[in-house]
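Before I ask anything, let me first share the structure, which is written out below as structure tokens.
Order of writing sets the labels: A, B, C and D. Residues in every chain begin at 1.
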Amino acid sequence: MKVGIVGASGYTGLELVRILQMHPQVKLELLTSESYVGKKLNEIYPSLGLNFNMELEEFHCDKALDRCDILFLALPHGYSSEIARRGYDNNKLIIDLGADFRLKELENYTNWYKTEHKAPHLLKEAVYGLPEIYSEQIKGAKIIANPGCYPTSAILGLAPLFSNKIIEYKGLIIDSKSGISGAGRKANAITHFNSASDNINPYGVGEHRHTPEIEQELSFVAGNQVTITFTPQLVPINRGILSTCYATLTKDISEDDIRQIYDDFYKDKPFVGILPEGTWPHTKWVAGSNKCLLNFKVDKRNNRIVVASVIDNLIKGASGQAVQNMNIALGLEETTALDILTVYP
Amino acid sequence: MKVGIVGASGYTGLELVRILQMHPQVKLELLTSESYVGKKLNEIYPSLGLNFNMELEEFHCDKALDRCDILFLALPHGYSSEIARRGYDNNKLIIDLGADFRLKELENYTNWYKTEHKAPHLLKEAVYGLPEIYSEQIKGAKIIANPGCYPTSAILGLAPLFSNKIIEYKGLIIDSKSGISGAGRKANAITHFNSASDNINPYGVGEHRHTPEIEQELSFVAGNQVTITFTPQLVPINRGILSTCYATLTKDISEDDIRQIYDDFYKDKPFVGILPEGTWPHTKWVAGSNKCLLNFKVDKRNNRIVVASVIDNLIKGASGQAVQNMNIALGLEETTALDILTVYP
Amino acid sequence: MKVGIVGASGYTGLELVRILQMHPQVKLELLTSESYVGKKLNEIYPSLGLNFNMELEEFHCDKALDRCDILFLALPHGYSSEIARRGYDNNKLIIDLGADFRLKELENYTNWYKTEHKAPHLLKEAVYGLPEIYSEQIKGAKIIANPGCYPTSAILGLAPLFSNKIIEYKGLIIDSKSGISGAGRKANAITHFNSASDNINPYGVGEHRHTPEIEQELSFVAGNQVTITFTPQLVPINRGILSTCYATLTKDISEDDIRQIYDDFYKDKPFVGILPEGTWPHTKWVAGSNKCLLNFKVDKRNNRIVVASVIDNLIKGASGQAVQNMNIALGLEETTALDILTVYP
Amino acid sequence: MKVGIVGASGYTGLELVRILQMHPQVKLELLTSESYVGKKLNEIYPSLGLNFNMELEEFHCDKALDRCDILFLALPHGYSSEIARRGYDNNKLIIDLGADFRLKELENYTNWYKTEHKAPHLLKEAVYGLPEIYSEQIKGAKIIANPGCYPTSAILGLAPLFSNKIIEYKGLIIDSKSGISGAGRKANAITHFNSASDNINPYGVGEHRHTPEIEQELSFVAGNQVTITFTPQLVPINRGILSTCYATLTKDISEDDIRQIYDDFYKDKPFVGILPEGTWPHTKWVAGSNKCLLNFKVDKRNNRIVVASVIDNLIKGASGQAVQNMNIALGLEETTALDILTVYP
């Protein structure tokens, strides 16, 4: 299978390249970029090794579809829908790491992303690529909407509780902290070392575009309309998201029973781990891996559960999950090229 | 006025020394330490300057009370109550940076701190040293219980809302993030650079000893029993706390009106600033200063307010606030030795 | 005395503002900026405090000279010479934090900075503003060329050795490490958090423009043509430079005698400290202060001395030193507004 | 082949475990620890994955030699020599990550390490495990002295120059900067986050124990007694060493010719890369990999070459190199389990 990465010079593009070059069943065929056409990717990222010799090419949709069986789209929102439409018509596998196919309701998309959608008829065709929930639908899918980084961490933390109907639908709180790579490779006042280091801050409180995505997916799991308050925050780490989630319990249930619910839900899921009681997840334990680590605590006085969930935002929150989706879509072993440990410390 | 610092070799001790040596109306008379008797403080902290020549002495309560008019106690909990009792009997000003006089109910103290209190009769005598709320009581006080770092950030964020009775009493959420200096100068697996850097993690969820302190003080302001869910988290910064607080609004109120409430509440408070709409506080903007910066947002869909509040945990969250309390207690200008800007970036 | 800062929105501009607003004998009259005209400086830097209300204005040379007695120029090289010329003609005090007046030889300037100099006749008039060496010349000076950050650290480390003629003139090695703020406020691939954090790297080896400046000044002290190999390196700290200097000893001399040489040289210099034997300087001990800390070691086997010197690149390496120069030039106490300790940790 | 790791709970032990569990031709049989007997290694390091189930055992030499074909010793100096002696007598492969077999001269060892050597007769038997120089001797070796981290970076940078006799033997300067993990897992005042972060400092100048090791090995390559001045420095990164080396050229030679010398020397060496002209190595480009990246510059005015070399101190500087040595000793492919890219950023 020949693979193309459209938008290969950003951080998620780089991660796709790094992971896929270890993949025994696919071949990197095409890397495209807008700003670096003609450059080798390892000129921008020497971490790829001095022998890496693929060049970044200009993107031409027809040629890309000619040369590749699979396209990963690592583009800003608004740029993927047209490419996905044409890929779909050509029976290619499209994995979109952007937001164009995540929201099922067109209105939701246009409201939050303030742009026209170029292939609204495919919104229902696309599968939301969170394999721990949708693995059946991902098998054989043609358009996979790879989840956002914050949604991945939050949904993995809360889905078992909704699935077992032990928490209220309305008014959950998701307090998330993200490493700076979540802001992308673009240099600006926010990502400047001297602004970001030794600092933490909230941003876009109540306005972040991952809000409707989290609500949509939790609502599907819950079978009811879920609403959340979502607060994203920047912390001075390279990679990682910690989502601390607060939900009200609808019944009197022991921590042991809740632990059993988590264990059952993630029984055959190779990338999600429930930590032992009292051990809270550290982002550093998953950085560089495709894992999600979880734990929780019941606050009896307030009849509430606190769930903490960590992922690497660029791997399980983006490129690793995209490859996991590809593996499942193609009927390969889910963990291929992804069974890699965190380099610690 | 002659000042002694009991426990001067820790981070809060160092900050007291740094601030007080700039204070025109007091004289540093005594620095004590358990582990470093006979050493000069600048041998441990060359940042104090090579000419700083005060030695760390062994602590003897009688001698300390003889030599000093004011004692700052920067000790682990359980060590201050006896000293405070004797200071009180000798009519000295005692400012306790530990937890021994923060909780008004003895039972609360023994339950959470698992130790006997040596001067329970003074619990009601002690004033909780949050000057933005208790400045009248602090004037002329003899025992001042300097607030914890997390409580300072959370209470300053929420007090105006309770004071104006616009939020519910039960089930607030306080999601706090602290820099590593909050864990103190002690070297251990948690404070090791390689564990702490490039990492974030929750700890002690639902079990942190600042919980009853926050609840007590918010209840006083609210005139009703407040309950909270409190989640402390470590972030890889030197100094700073960000508390993100979530409360349910009890009435339909505009953001403008809430802003007015904050402005009124902190009108004459030199160390608290309300940021302009849309500007979220950064810990780096207050590190090295005695300031607290705040902002908030109403989440209408969930009828909820999100408040974010930042302080320097070692200054407004400890030693700076202690000096502010001393200034007020002695009838000096509140800002003396504290009117200093953050060194940025 | 009324002070103007031309180029106030960069890091050195901000530091000048922060320091000068504490200065009892001058008044901030004018702040200019190219990109932020009409904004208040605390909109860009809320660390200045919410009550700071000076606006950034467009720069007009005539008006600036009309309104101000003293101009600090915090501009890229090439922009100061014309302003300095007109300031000089108007008998104002000009303190240039850029490079336009540091090199005494016009050819040296044009070779290294690849730009025409607009006031070459003033090169000899300008005083190199390293107060530990040139305090006599700085008194009453009209144009002060504030030294570069690397040169300040290196020259302070080596000058006593040259002054006492105990090291060779040729082939010194200066291996310097700078915090990221040395690269300025401009956001680019180098200053991006994800590039700079958890990383160290050399840059511009053998080509850095501070090379001729260091050589010029060491040659003046030595009374002979000094040559150096200079290697700048970026380290992931906010502020600070460590220069590790290697020189060959010309005579058999004990460490005690060398220590005496340093002590004598810096006897009345309030900002330079020689650490005790065996204590090597940490940049964190001087960050936020105008200090320079030094130590050295003789490597007998190679007949060589190793000197390590640390400063805060934005203070002693830029804005603090500029204010120190202003103080001396005006006949004020040298330490006014600068006698401030590092906030540690 | 069954492998034991003696001292598995430190950082180099963890890295050995992480790398060797990916190795197709060996089986992890035994992990020992002094402080954590009975604990699973993933209780200390959850980054290993929740399914990792090997327990740390007490070390008994006989049993260890019974159960294992290969022992990696990750112990403080002084603890390996006796174990190595008995392993040698039992015809096992011993790879010592400590210092006991690095120095060929017993006197050198006792002078610098201040301890008695328990198997001096094996000093000449042991092979210095720098595969880029000694691959022939490593094949079939029984005791491999794995090089120190600083020596690895410095020797790889300088060996080609000595091998081609283009630099002087006496008085080289090696200015090295190490990440904090080089100080090990032990928590102390130096490794505390608040001391180490946002800070750089030299330490042990002229006294570091890697000095004789670097001199010994460079002398072997040069065929002459080499002397160095070595300055180690701590920088706030997790992993990585940058060694900046300064040598005097003995002949007039172009940069192109020198580049050819490097290319030839490292032609078939999979882990060493020479960067293109003008691209200086970043430690972040090699963190997490077994690579060494190099570049150099000639300073003509001073007839000197500046070489910069980066490695990951825990991989190429310790555990990765140890596995590389094992691979070569056993006649396996040199890159087995080591052909892994840096996770960037």
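Keep in mind that, in the parts below, a contact is a pair of C-beta atoms (placed from the backbone, for glycine too) under 8 Å apart; a residue touches a chain by one contact, two chains touch by 3 or more.
Everything quoted here is computed from the prediction, not taken from an experiment.
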Legend entry - Pair sharing more residue contacts (C-beta pairs) when B-D is set against A-B: A-B
Legend entry - Averaged-CA centre spacing for the pair subunit B and subunit A, given as whole angstrom: 39
Legend entry - subunit A-subunit D separation of Cα centroids, rounded to whole Å: 37
Legend entry - Distance between the centres, which are taken as Cα means, of subunit D and subunit B, whole angstrom: 46
Legend entry - Residue list for subunit B, restricted to those that touch at least two other chains: 11, 181, 194, 197-198, 236, 238-239, 282, 284, 287, 345
Inset, instruction - Could you classify the connectivity of these chains, where an edge means two chains touch, as line, ring, star, complete or other? - result: complete
Legend entry - List of subunit C residues in touch with subunit B within their complex: 11, 14, 18, 21, 45-50, 181, 197-198, 238-239, 273-275, 279, 282, 284-289, 291, 293, 341-345
Legend entry - subunit D residues within the subunit C interface of the complex: 170-171, 173, 175, 177, 194-195, 198-203, 205-206, 227-229, 231, 233, 235-240, 242, 244, 246, 248, 280-284, 287, 297-299, 301-304, 306, 308, 310, 345
Inset, instruction - Report the residues of subunit C in contact with subunit A in the complex, numbered from low to high. - result: 11, 180-181, 185, 187-189, 191-194, 196-198, 236, 238
